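Two complexes are shown next, each including chain A; its partner changes from chain B in the first to chain C in the second.
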Partner chain A sequence: MRPRPIIEVGLPRILAWCLLGFLFVPILVVIPVALTDRDYLSLPQDGISLQHFAALADWSKGWLPSMLTSAGIALACAAIATALGVAFAVGAWAAGGWWPSLMRILLLSPMIVPPIIYAVGMVKLWARLSLLDSYTGVVLVHVVLALPLTVLAIGASLSNLDQRLVQAARSLGARPMTVFGKVILPNILPGVAAGALLAFVASWDEITVTLFITGRAVVTLPRRIWTSIQDAVDPALAAIATVLLVITVLALIARSLIERRQRQRL
Partner chain B sequence: MRNFKRTALLLTLPASLVAICLYAAPILQVLALSVTEPKPGLANYQNLFANAAVGRVVVTTLKVSIMTTVLTVVASYIVAFAIIHMSAGLRRVSLFLVLVPFWISVLVRAFSWITILRRRGVLNGALMETGVISSPLDLVYNLLGVTIGMVHYMMPFAILLLYANLSDIDRRIMQAARSLGARPATIFWRVWLPLSLPGLALATLFVFVFSLGFLVTPALLGAGKTLMIAEYISVQISSTSRWDLATSLSTMLLLVVGIIVFAAMRSPALRAAFVARPQQ
Partner chain C sequence: MTLLAIEDLAKTYDKVTALTGINLSVEAGEFVTLLGPSGSGKTTLLMSLAGFTTPSKGTIRLDGKDITHLDPEDRDFGFVFQGYALFPHLSVANNIAFSLKVRKWEKARIDARVAEMLSLVGLDNLAGRKPRELSGGQQQRVAIARALAFGPRILLLDEPLSALDRMLRETMQKELKRLHRETGVTFVYVTHDQEEAIAMSDRIAVFNHGRIVEIGPPRDLYKKPATHFVAGFLGENNFLSGHRADDDETMVEAFGTRFSAPLQPRERPGDVLTIWVRPEHIRLGPAPGDGIGFRATVVENSFVGAVERILLRTSTGEQMVATLRSEAHSEYKPGQVVECRIDPAAIGVLPSE
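Then we have the complex of A and B:
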């Protein structure tokens, strides 16, 4: 006979479900508001309307250009951060020693240091280099903020890699770049893909530093949403929030399906 | 042989250069400006400590951060503890309910709370219609709204951290305790809780440090009325151009975060939690 786990004693479990509800349910409020038939933030009054989703597709309203801006910046950021992250993680793994460890701490520190401090520093630096409100400026900042994620994701892949593989390749006379490109890289591709995805999402969502280094020229989607929240009138805001919610849910479902298929294949 | 190691070190260079030039340098400049702008010396720090507005902002920040940390860690522990005891199916549902808010934009979440909590929002509307209250309550743009938003932001993160930590605990220890006659409550207080301490400490550390320097949620849900350090710094550089205040306050914030992290790393339990690989 299996004794009952203490969680079945009731109250804690009910409380846990209430807390899960607190996490999930409030986000759903954006859906009815997006469907309102009024042109201010409200629940639908005399029926539902899709006009606010139509507004998202209207180029002149600014939502579509912002989405494209964010997607472009996030793609560039993911490409650069992944390349830098792979090179660093693989190099540090193969070389070892004090320099890679020190640089790893520096590369990971944006995860702990409050972004507002970085924002203050970057406003000064970009002002001096005339990179404020430029695509280059935003992409470079996003790369710095995404690097911790790519380095961690690729590092996790590398920690499962057998060092003897490298020794074997080298003893057979492979040149260093061959070892990195043909032996190590193919073995860590899942980590590289995860790192690239995380970098894309980090850039797509970044707001704190972007807020300070952009103005009228570069309006990313989070920046557009930020301004819109402060005005708190346009229901198109709820429509874009609904779109983001749907994308997130679909991505999570896709991930769990892929994971399940991989488990079945094993 | 040496050639291999040299190539490996060369590979670390591009990212290192980016981190040094585009991360370390600008932050060091913030530190430098705090003692040179407008003129060399520690005058900025004297002004900082004498400034009553800064004092109020620091008190608000500490109040919100401590409340957020306590509420988040306790609530997240309850959820994580429940999740590891669920059947596989329910666990998938629960993790989904945690992962959606975890991945969705912080802006979407702040916006949802504004929609629900404002004076003409969903919650006040429902309460008035059912006759529970006769005039709308002030639920947002104050300490309450900021704390609700912050706890909601931090919880998924803390739950995933605690869930990973609790999953690593060897269940045979509980079986042993049970077979020796310990009651469920005893098993919880004397076995589960002590074994969860590293995870709890790590969650507390992260949530507190994130709360101290958090800009987005306090700025949107506080709307200038509940002012925390990050938003105060932001006002100094974007509207009033007080670089002396912005840089010295940033330096203090960095110093406090640094001391907290450094002190935490000295505790062996936390170091162990850091070395143990977090899930996913």
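Then we have the complex of A and C:
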């Protein structure tokens, strides 16, 4: 008889479901709250209402502009951090030796330094360089924060790549740029895509440093949410959380569908 | 005609000498093997020829032109790697077409050449497969086809058969010989397997400790090795100690007998010498015949298929192995004293180390 997977056995199974519930139920609560008919954070009382979703779409309320700002910054950040991450990871992989390891520690330091300390430092620096409350300033800070993620993701896919592919390609007549474009890049594309996604997400929900270095001109979505929590607890927050939740779930479903199709093709 | 000339090449890594004083010339169309134990410098030389490592000293010439510092992509040398290094994201056909696309050949010409290479290595029906869907032997064929596709001046091969099992290795040896014959390309082949080197090469350069110890056709190196290292590395050999007779300058005394042997004039009476004799040249039994006769005691007799290996102890207490064809056999029991004969021409004398 085939041994049953451990997850199907009694207590572990119950524990697994409890854990999943613990993770997901609080998240799901935002959905009914978003549909409340009141002006404060509550469950629907006399019926459900879509007024808070309508408020999101209202340009003057500031949700939509801040979403666009965040999306723009996150895209720029993902593009720059991915390009730099690829350049560094591929260079370190090809060169080997002690200095890439040293550089890697330096690049990963934003993950180790508490963001609040980093934020205080950046305020001083950006004030001197007149980059406070500017798009450039925010993008640069987010790039620094996202760089460790892209370097790690791309480095992971490079570590599975045979170094001799470079030698093979060169012996076949390929110049270094051709080797990069035709041999290295196609083989690390999944890592590059993962790095870009991580960088995008890191920038999209970055709040600590952003709070310190922005004011009135640049309002990202996390900053807009922060402001609205300080004023009054607006149910639009629950609406926005619901929208983000739906987008995330759709993205995850799309990803697993694509993966399944790829596996079938093999 | 000399195609490739290596002159006084040396390579040092942080005080460690990998190669020193390498001189070697390769004729167009030749199959030259660089043979040696691991760490003997043979792979470093191959990497220098490919342009993957820069020699510390010396010159590499192709058709008389200095290519020592030329980029690998400008050399037009094919390279077959240990473990193949096929491009995992490309199909078999696109792996083979890689060098042709880089050279911007027209599509029709590329297709024709890829088809030609596929049939050369016998993989016509696998053009669309990815490397991971192929067996080791098939991957090796793709690697060879890829390296030959653009018509390289020289094909460099770095232990290409070491990952294959024994049966497949023998098939691929024949296959490589055939490809060498059919394409006429010059092969420079690195291996640590002396049987492989003997079976395939026009000439073998034997490496040890970063130097070329001897160069020559396999037959010459096997029959007339000039050094103790080559006598021991190529094929199986027995080494015995002897010395020049005091009373006759043409005679050697060893393993309880004396015989005349080709001696160097610089060797003086009483000099200690190393005598080598291959196991297959020791004949056993009372059969009459010429040659050097001596007596030895059988220590052990083991059957290893086509031959039987008999371990003998001479009257001087040294051990030697004799191989006999199995059908000629095997009444030899441990402890038995047997008459042995060796053809004087099969005996080698080297100055003792």
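Quick notes on this one:
One rule holds for everything that comes next: the second predicted complex is superposed on the first by the 248 of 266 C-alpha atoms of A that agree within 3 Å, B and C clash if a C-alpha of one lies under 4 Å from a C-alpha of the other, contacts with A are read in each partner's own complex, and residues count from 1 in each chain.
As a convention for this text, a residue touches a chain if its C-beta (ideal position, glycine included) is under 8 Å from a C-beta of that chain, and two chains touch if they have at least 3 such contacts.
Just so we're clear, the structure is a prediction, and the values are computed from it rather than from any experiment.
For the composite obtained by superposing both complexes on chain A, the positions of chain B and chain C are free of clash and fit together.
Once the two complexes are overlaid on the shared chain, A:162 sits against chain C while remaining clear of chain B. In the superposed model, B is the one of chain B and chain C that contacts more residues of chain A. For the three-chain arrangement built by superposition, the Cα-centre angle with chain A at its corner and chain B and chain C at its ends equals 90°, in steps of 10.
When the shared chain is aligned, chain B and chain C each come close enough to touch A:170.
Using the contact criterion defined above for the overlaid structures, shared-chain residue A:68 touches neither chain B nor chain C, since it reaches no partner. Of the two partner chains placed around the shared chain by superposition, neither chain B nor chain C is touched by A:50. Judged by the touch definition given at the top, the superposed model places A:245 against chain B, while chain C stays out of reach.
Of the two partner chains, chain C is the only one that A:183 touches; chain B does not reach it. Remark: least CA distance from chain B to chain C after fitting both complexes onto chain A is 6 Å. Shared contact residues of chain A, touching chain B in one structure and chain C in the other: 170. Residues 3-9, 12-13, 15-17, 19-24, 26-27, 29-30, 33, 41, 43, 83-85, 87-88, 90-92, 94-95, 99-100, 103, 106-107, 109-110, 112-125, 140-141, 143-144, 147, 151, 156, 159, 170, 176-177, 179-180, 201, 205, 207-208, 211-212, 222, 225-226, 229-230, 232, 237-238, 241, 244-245, 248-249, 251-252, 256 of chain A are the ones touching chain B in the complex. Residues 162, 164-165, 167-175, 178, 182-183, 186-187 of chain A touch chain C in their complex. Of all residues in chain B, only 3-5, 7-16, 18-20, 22-27, 29-30, 33, 75, 78-79, 81-83, 85, 92, 94, 96-101, 103-116, 118, 122, 125, 152, 155-156, 178, 184-185, 187-188, 209-210, 212-216, 220, 223, 229-230, 233-234, 237-238, 246-247, 250, 253-254, 257, 261, 277 touch chain A in the complex they form.
Contact residues of chain C toward chain A in the complex are 50-52, 71-73, 75-79, 81, 83, 85-89, 98-99, 102-103, 146-147, 150, 156.
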